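The following blocks contain the structures, represented as structure tokens.
Here subunit A shows up in two complexes: once beside subunit B, once beside subunit C.
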Partner chain A sequence: MGLSRMAAVAANTFRESVRERVLYNLVFFAILMTLSGLLLSQLSIRQDEKIIKDIGLAAMELFGHLIAIFIGIGLVSKEIERRSLYPLMAKPLSREELFLGKFAGLAFTLLVNVGAMAAGLFATLLLTRGEADPALLKAVFGIYLSLLLVVAVAMLFSTVTSTALAAVGTVCLLLAGRFSDVVKNMKQVAPDVPDTLVDVLYYALPNFRNFDLKDKVAYGDFVPWSTLGWITAYNIAYITAVLALGVLCFRRKQFQ
Partner chain B sequence: MKWAAGVVAVIAAAAVPWLQARVDRARGGTQAQDEVLYLWQGAHVKRLFPGFEHLAADIYWLRTVQYFGGERVFGRNTRFDLLFPLIEITTTLDPRMEIAYRYGSVFLAEPVPIGAGRPDLGVEVLERGVRNNPSSWRLAQELGFFHFVYLKDPKRAAEILVEASRIPGAAYWLKSLAAEVLSKGGERDIARRMWREMYETSDGAIKENARTHLLILDAADAAARLSALVVRFHERAGRLPRALGELHAAGLTREPLVDPIGVPFDYDSQTGKVEVSRRSYLRRDDLMGDKQ
Partner chain C sequence: MGDPAAEPAIATPAIDVRDLAKSFRTGHLRAVYRLALKGLTFSVARGEIFGYLGPNGSGKTTTLKILVGLLFPDRGSATILGHPLASREWRYKAGYQPEHPYFYDYLTPAEYLDYAGRLFGMDKGARKRRSAELLRLVNLESAAGVPLRRFSKGMTQRVGLAQALINDPELVILDEPMSGLDPLGRRLVRQVIMDLKAAGKTVLFSTHILSDAESLCDRVAVLRGGELLKVGALDQILTLDVSHLEVLVSGLSDEAAQRIPTRNRLRVGERWTLEVDEERLGEVVRAIEAERGRVLAVHPIRQSLEEYFVKEMGGSAGGPGSWD
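This part shows the complex of A and B:
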């Protein structure tokens, strides 16, 4: 597997995704939502800073996920549907390199987007409070990890099914992963469910709650570096598994 | 023909406001929509916003503030029916939002039409706040205040204040305040101290509320002083003054005969009783059941 070829695919994917109009719309709305915190904070009582942080981080997460899903799904499936994949297949480029390169490209696009949205949030806080807590970056990092996992899942689904179904599947998995606490405590409401099923579901579903540091950071709680280390390790392991599965599916895919 | 489309657009656009006014007249004008709450329990709302609970809490808090302000200013019955569920939802979504407990309890406890007139619910909200935020001495302090001021339960108030004083970082004066509450001293003096502490350590609406309560106490004290002067006048003149102005004329006092917001005191020349006027918002019979 050639890293230089993967880097070329990644660079191309980045160029391709920054041309997507939806990307700019979503980033615009995210920044607009963050700025709306300025107005909303005026309507609250003594909650201005927290509301700006909550809205800014939530906008980043929500719109980041939308970008990750919409662009992540389109990366592979659009190429297949538009048949623009065939010329690439003819080049000295393996399917693994193509798949992983596309992931790396979108990961970089998301990094730029998250950076822009974080800059919007910091600017809003600086405008209103005159200071912005750098610890917010820990929550931003958590959001970015979550987005990477969503992209990996979206790409996996897009190799095995149509664009629409891949979108539905990714959103469902994202929601299921956000309800991981419900899954873990399932026996409280359904005592007859076998323990094994609960465990399998809990550990198999991507636990998106892990990456959610927004609440802690918004209250100024200290998030230990070890926590960031563990969630990063979890993220890498999960993404590796999903991408490996995606590569397998992509390798076996018949293009007609 | 070149300008026809533009002319039609201008005429049609100009017709729209006129037509809207006709529709309003025909349908009786626009009516303010009543506030509606579709989900009444925080636990249910929480399930709708996985990962975005705090954002939802902010939205519900904004709605609480807007609802409270809107009902006070524009409400037709000012019953604040949705206030408690809105606060419950907000604090379930974000159990650490201290401001929601503190302001919410004040909104609930103050009498109608200033608040919902439900001090019991205010205490419930603060109790929840203390349970969810055991390290917040301020919430515990306010719970103690509420037990003393609204529920007239000095024993429980003192217990809570002692507990609050044990929380790391608690204000030094909590212990002495608790002792004062238990000493069965003048209730009005203790209430004054509590409101003064709250006034000095808070801001915003809570500070304003504390200021109002201090004025209520000042008004009640001034009325009591004037009542005592009426008795002295009676002793001297052998009759009750026909009007409070006679106290000035007799040289018994130079105090103004109005309460701190400028409303003249009510005076009953048959009984000699001086009271804060019913026209003044400083008259609070619910709080002044105590005797100095």
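This part shows the complex of A and C:
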């Protein structure tokens, strides 16, 4: 595995994605939504800080996921459909390096985007309250982990299907992962379904709720470092599996 | 770069293709397979310009895609510069321009070439020098900082050629390099190909523009419906059917010209162009002298590739392709 080649792919992916205008629009809207929390906070008594945090983190999560789906599918699927991958495939760059380099580039792009949105939220809090709770960063970290998983899933789908189907598949998996408790409760709702099937489905779906620390942080609850460690390990394990599957599919892909 | 110790003997062909076959699934519900390549075997010698010819759908692009690793063959094997296809070694010494190339919208040609150079492990200075050199070569110096999304088809094609040469390759594989180019662009690409040959490089290019193949290629492979019809020097392929000579004559009256035993005759001003069977040339020249005419020139009229294709493709089954 050539790290310098992967770094070249990652750098190019980052450069390509930061020049997408849509990305700026999404970040702009996220910051705008955070600022709108200022207005809403005027309507409540003594809850203004919580409202700003709530809206800011929710905006970051919503627009972050939109960005992750958009770039995860756009930059990979588009490359396949428009054939911009073709000249690269003849160069001394393995398919693994290309795939993982893309992921690294997208992960860095997301980091910059989340960083920009978090800066917007912190700036809003500092301007209105004169202080910003550093614990917010824990929720931001959870959002970032979720985005990394979404982008990995989007890349996997992009290698095996069309742009549209990859988008639908990623959104469906994200929603299923957000509501994976429903799957667990199937044992009570539909007792005829074999328990093993329910268990397999439950554990196979990425549980995106694990990364959601918004409420705890907004309410001022303490989030232990062990929780962060656990969700990081879960995220790494899941991303490794998704990327391994993605690499496997990409290695076998024929560009007709 | 590649390990010099791993360099195979120079005598090996630049490309050696053995029994290459490929099919594509066409059915959605029921698996139906279309044979795209039916066991191709040919080789490209080092230092030659090799034309890969055939009508649309004959399997040219499929072959080139297999060679560069975009497709996997069902059967057969190939080596490039002595290395198996799966090896990374040959990729350091080869360049590839796909058919109708497309590049990243938001990059400039200079940025794209820099990116391509990084994939070869070139250092920053070398990348900068080579990019400038190549942009000059393909006449895109003035557009070096313009995003690629603003490029015309012809300009994109020229960027495609430049990126294929970023590593100063020993072997260049070009898929329809003249496609979408205006006459000036075509001349530029022709010149680049000839310069590559002069520098001792090997060029394999596919085309359906026969005049380009005629003017550039040392050897050609002719493909139809996934099968190789013929591989060889243009002379070998075309002289098989050389049927007549053109004799340019002056000083003959209309009556005298009628008495010369020719296949056909055409008066152009004061001169005559006589179509003569090769084996009757001596007899015709003597007849011209007897009529006090003067032979100005004798041209062997070879069958053109165009004629060859019309003859080979016309009327015979098995070729799904057609010429544009």
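Please note the rule applied: the second predicted complex is superposed on the first by the 255 of 256 C-alpha atoms of A that agree within 3 Å, B and C clash if a C-alpha of one lies under 4 Å from a C-alpha of the other, contacts with A are read in each partner's own complex, and residues count from 1 in each chain.
As a convention for this text, a contact is a pair of C-beta atoms (placed from the backbone, for glycine too) under 8 Å apart; a residue touches a chain by one contact, two chains touch by 3 or more.
Keep in mind that what you see is a predicted model, and the values were worked out from it rather than measured.
Within the superposed three-chain model, A:90 lies in touch with subunit C and out of touch with subunit B [touch as defined at top]. In the superposed model, A:225 makes contact with neither subunit B nor subunit C. Applying the stated contact rule after C-alpha superposition, one finds that A:209 touches subunit B and leaves subunit C untouched. Comparing which residues of subunit A touch subunit B with which touch subunit C, the overlap is empty. Put simply, subunit B touches subunit A in their complex at residues 47, 50-55, 57-58, 61-62, 65-66, 94, 96-97, 99, 103, 203-205. Subunit A contributes residues 4-5, 8-9, 11-12, 15-16, 19-20, 82-84, 86-94, 254-256 to its touches with subunit C in the complex.
The part of subunit A that touches subunit B in the complex is made up of residues 40, 43-47, 50-51, 54-55, 58, 61-62, 175, 178-179, 182, 208-209, 212, 214-215, 218-219. Remark: subunit C residues 24, 65, 68-72, 88, 91-92, 94-98, 100-104, 106-107, 111, 115-116, 118-121, 160, 163-164, 173 touch subunit A in the complex.
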